[in-house]
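Going in written order, the chains are labelled A, B, C and D, and every chain counts its residues from 1.
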Amino acid sequence: MDKKRMALEFAGIKMKTPVMGASGTFGFGLEYADFMDINGIGAIISKGITPKPRPGNAGVRVAETPAGMLNSIGLENPGVEAFKTTILPKIKTIDTPLIVNISAGSAEEYGELAAELDVDGVAALEVNISCPNVREGGIVFGTKPEAAASVTRNVKLHTSKPVIVKLSPNVTDITCMAKAVEDAGADAISLINTITGMAIDIESWQPLLGNITGGLSGPAIKPVALRMVWQTARAVKVPVLGLGGISCWQDAVEFLLAGASTVAVGAYNFVNPRAVEEIAEGIDAYLARKGISQVSELVGQIKV
Amino acid sequence: MDKKRMALEFAGIKMKTPVMGASGTFGFGLEYADFMDINGIGAIISKGITPKPRPGNAGVRVAETPAGMLNSIGLENPGVEAFKTTILPKIKTIDTPLIVNISAGSAEEYGELAAELDVDGVAALEVNISCPNVREGGIVFGTKPEAAASVTRNVKLHTSKPVIVKLSPNVTDITCMAKAVEDAGADAISLINTITGMAIDIESWQPLLGNITGGLSGPAIKPVALRMVWQTARAVKVPVLGLGGISCWQDAVEFLLAGASTVAVGAYNFVNPRAVEEIAEGIDAYLARKGISQVSELVGQIKV
Amino acid sequence: MKKLLVDAVVISNEAVIPAVWKMVLWAPEIALCVQPGQFVAIRKSGGITFLRRPFSVADADPEQGTITLIYRLVGQGTAEMAAMHADEHINVEGPLGTGFSIRQGDKALLVGGGVGIAPLIFLARKLDRPVLLIGGKTAEETFWSEFLEPYAEKIYITTDDGSVGRKGFTVQALPDILAENEITGISTCGPMIMMQGVAEIAAKEGIPCEVSMEKRMACSIGVCLGCTFAGKSSGKRYKVCADGPVFPAEEVF
Amino acid sequence: MKKLLVDAVVISNEAVIPAVWKMVLWAPEIALCVQPGQFVAIRKSGGITFLRRPFSVADADPEQGTITLIYRLVGQGTAEMAAMHADEHINVEGPLGTGFSIRQGDKALLVGGGVGIAPLIFLARKLDRPVLLIGGKTAEETFWSEFLEPYAEKIYITTDDGSVGRKGFTVQALPDILAENEITGISTCGPMIMMQGVAEIAAKEGIPCEVSMEKRMACSIGVCLGCTFAGKSSGKRYKVCADGPVFPAEEVF
């Protein structure tokens, strides 16, 4: 891999490649150390961290669907305190930016959480206003422009880190959400989170997931994610982190062409735990073949 | 197949089975005569008919995606006049209800179109306010409750047929759209239409589809469709026609359990041109195994 | 003609050249009724592709009950086909579309390029020793003459690099061929640019010409309207999958 | 232990009884280091399933370089497995999780039900002639004893219908077996209801007991949190795929 060709700066974060592990699918990064050189990847985006520990939702939490999966984890995590004392010190050993994904129950709580994470070892915050699997927080902020803006403002007020706001696809007009958080000061926008879906067990007549509904992710949703990334990248000036269904370097190139400056791999990590590394290698080889000397030159080059 | 077990009345339309061919994927029904007994299926939903003939969109119009496909046909159709004079007489020979899917550019035009179709041989109208592939008409009506209600009212005013309003999934809150059209007089609601998506050719850097974006359908979207059908069936009193990604009888049973009174098969007809018939047979065998004497008894029986 | 849906059995499946494969399928009902220029839409059940893939029938043997497909490796679907072994099953929908208007007694010229040559094999067999003109990029791509020889009166070959036959494009060779032979009808299948050139010369010479089109298809049976176009001279909306894939040249160019 | 990702080769794949199959894979690196109770997550590339499927290693032969999976036909994934032939490739991620705490010298009792017996074969081999108690619905489901015989001191069998061994559930047979043998540790794998019964008796008798859990998994490596639960006595959040699947009984029941 040509390091110069692939390196980039995204919202002030220096990355070795534009390919990251997506929140909730990449643990805290260390879990993938057996499968690839985690010091060589773009960034690690942590599982969603909340102010207090959360056990997540009851019952079955994952289900396979055609070319994808549903999850209703419900933001299980040890809480910000335990994250800082027991997890963060371990991840600091990795020479890869750690982006901490955060969720909270109110705009104020988002701010407090951001303040607590304004510490060494955290490269940036990804503000999850789009978790479909929790009642409080999450999705309400992700579907109302004013609420999203208020969360963004509060986080910005309490942190010195770059703030990436992660949007929900479960909206009529994604650009309206994107503009709201951009105006509120977001340094970058990431999208998409999962699309709300469900499945029913036809023998028991019960929902397959304990939480009834869950978030759909994986290749099945890629066309929708790509469309939203394209719409958003045209609508805002801040850089975009594109994700949703990426499974191979070709998918990643589509997202870059659509206007994403960086990409993340989610559910496909479960299928191919080397995906983040292999996709970066694939992009690099593609750039070489196309005679493009810097990956950023590809961004937004779609010809419409 | 047990005829009594499977027969039902949906919004006043008498059907032999709850399984229909979805608009735009079933032609005018006759095309499937080589593959199954089209006199034995639930209903035929016609390709979208508009006031004037439409050539549809330019360029590539269909593309495969993981477990699904994108289309940007753009409502190609011969117009209502040619439909009535050359197509309708042929379909009248089939002993299966014909539901005519309609699209227009304004609420008034929808009304006029409905009036023109208030003729013999048309069992009901399916009002498409959700086509993502045309600029005028279609999607704007499908994302604004007031616009959707106004279209519904106009159609109701000009027809004696049952009116089924077809909703777009590209909205933040599907129940809000559903309630708006119910209040405006819809006799039934069908959902979902396609989810807007896109694909990019990474060699030419151009969108794969001539129309840039297209509608995603097929098994990939089934979890999303099922979720929306469940939400809608709980929110309204009128019956629901559920569709989106149905490929087998098990999928259809999930939709019935979620609250759909009837179902339609779309893109999967292309994969298995016998799907509509085979799915009805599968439901019938399932009911027999479960000791259920009438398919309507399954509707909405999800245990949450 | 009634369309059938059958589980065909793979009889053989092998590379002709690394990029082009030949699959023989046992599908007796289809072999019996398919006409040259018609196609089938196939799908491996339990495979990774979603939509069916359309392929021209390159030959049909009603006695053996087989049909032959000749296919170029392009993407996922054709890769999946190439991985199939004898005795495996593949679902075949067909015969589909409207084929060539066979003109027994005509002195026909068949002009093909690339895998567009595939349906011309079947057509050549049904005609009375037609003249063939086929084009390929390199010598490797002219293996087709081996399939055509039994049925052709003459085979003209062009290659882009001149390694076999005449150097250049098929269209460039056409005037000489029309001078040498008394052609009363032309059927062509291949790249649009090639077919357009053929159609123009045919029009100039006043020879009836039909062309076989290719469009992305979802349904292959005329319901999705993915493959339509407006007839050039009539303005009529055509479906490539149902009204074609073969059309009079004047409706296309 | 380092997790590996290898393309394994199918050595053999056959039905033991119609509903339960045995697959032997050539995966030497994994065979070398896998421990009883650990599992692998497999996926046929180009297959129709999306997520990997978790299966306990039912046996491993470091010399032959093979691992054995014994699997029940349940849905799409296992149907796809059963359709595989020798020499085909399947992607294997493993060894995964934390297995049984092998107690050489202990007088171990292994209690299994259904396909939960699979990992006990591998465990039995590594122990010093343990006692086994296995349960099945019918005589057909007791084929397991054939795999276990080489390593077991004694095999007790129960069937729901009494067609082989003692009639009833495994748990009902347990008190007598504990009376007959001086058991110092119990490992159990099977339906939750069975394991719970075993755990309760073990607790009453003061015998250490460990249970092997099953949960729907997406990642199998501890990142998705699809498979977590709260330890019953410690309250600690466990991941079945990483901290287990084997846990001390008191953390589960």
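As a working rule, contacts are C-beta pairs under 8 Å (C-beta built on N, C-alpha and C of every residue); 3 or more make two chains touch, one makes a residue touch a chain.
Here the structure is a predicted model, which means the values were calculated and not measured.
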| item | value |
| --- | --- |
| Most remote chain, CA-based centroid, reference being chain B | D |
| Computed distance of Cα centres, chain D from chain C, in Å | 55 |
| Distance between chain centroids, defined by C-alpha means - chain A, chain C (Å) | 47 |
| Separation of mean Cα positions, chain D and chain A [Å, integer] | 36 |
| Sequence positions of chain B contacting 2 or more other chains | 65-68, 218-219 |
| Numbers and ranges of chain C residues touching at least 2 other chains | none |
| Chain contact graph, described as a line, ring, star, complete graph or other shape | ring |
| Touching chain combinations (by label order) | A-B, A-D, B-C, C-D |
| Chain B-facing residues of chain A, complex | 65-68, 70, 143, 170-173, 195-200, 202, 204-207, 212-214, 216, 218-224, 226-227, 230, 245, 247, 250, 253-254, 257-258, 286, 301-304 |
| Touching residues on chain C, where the partner in the complex is chain B | 2-5, 43, 49-52, 93, 216-228, 230, 237 |
| Of all residues in chain A, those that touch chain D in their complex | 24-27, 31-32, 34-35, 47, 55-56, 60-69, 71, 73, 76, 78, 218-219, 267, 269-271, 273-274 |
| Touching residues on chain C, where the partner in the complex is chain D | 46-48, 80, 83 |
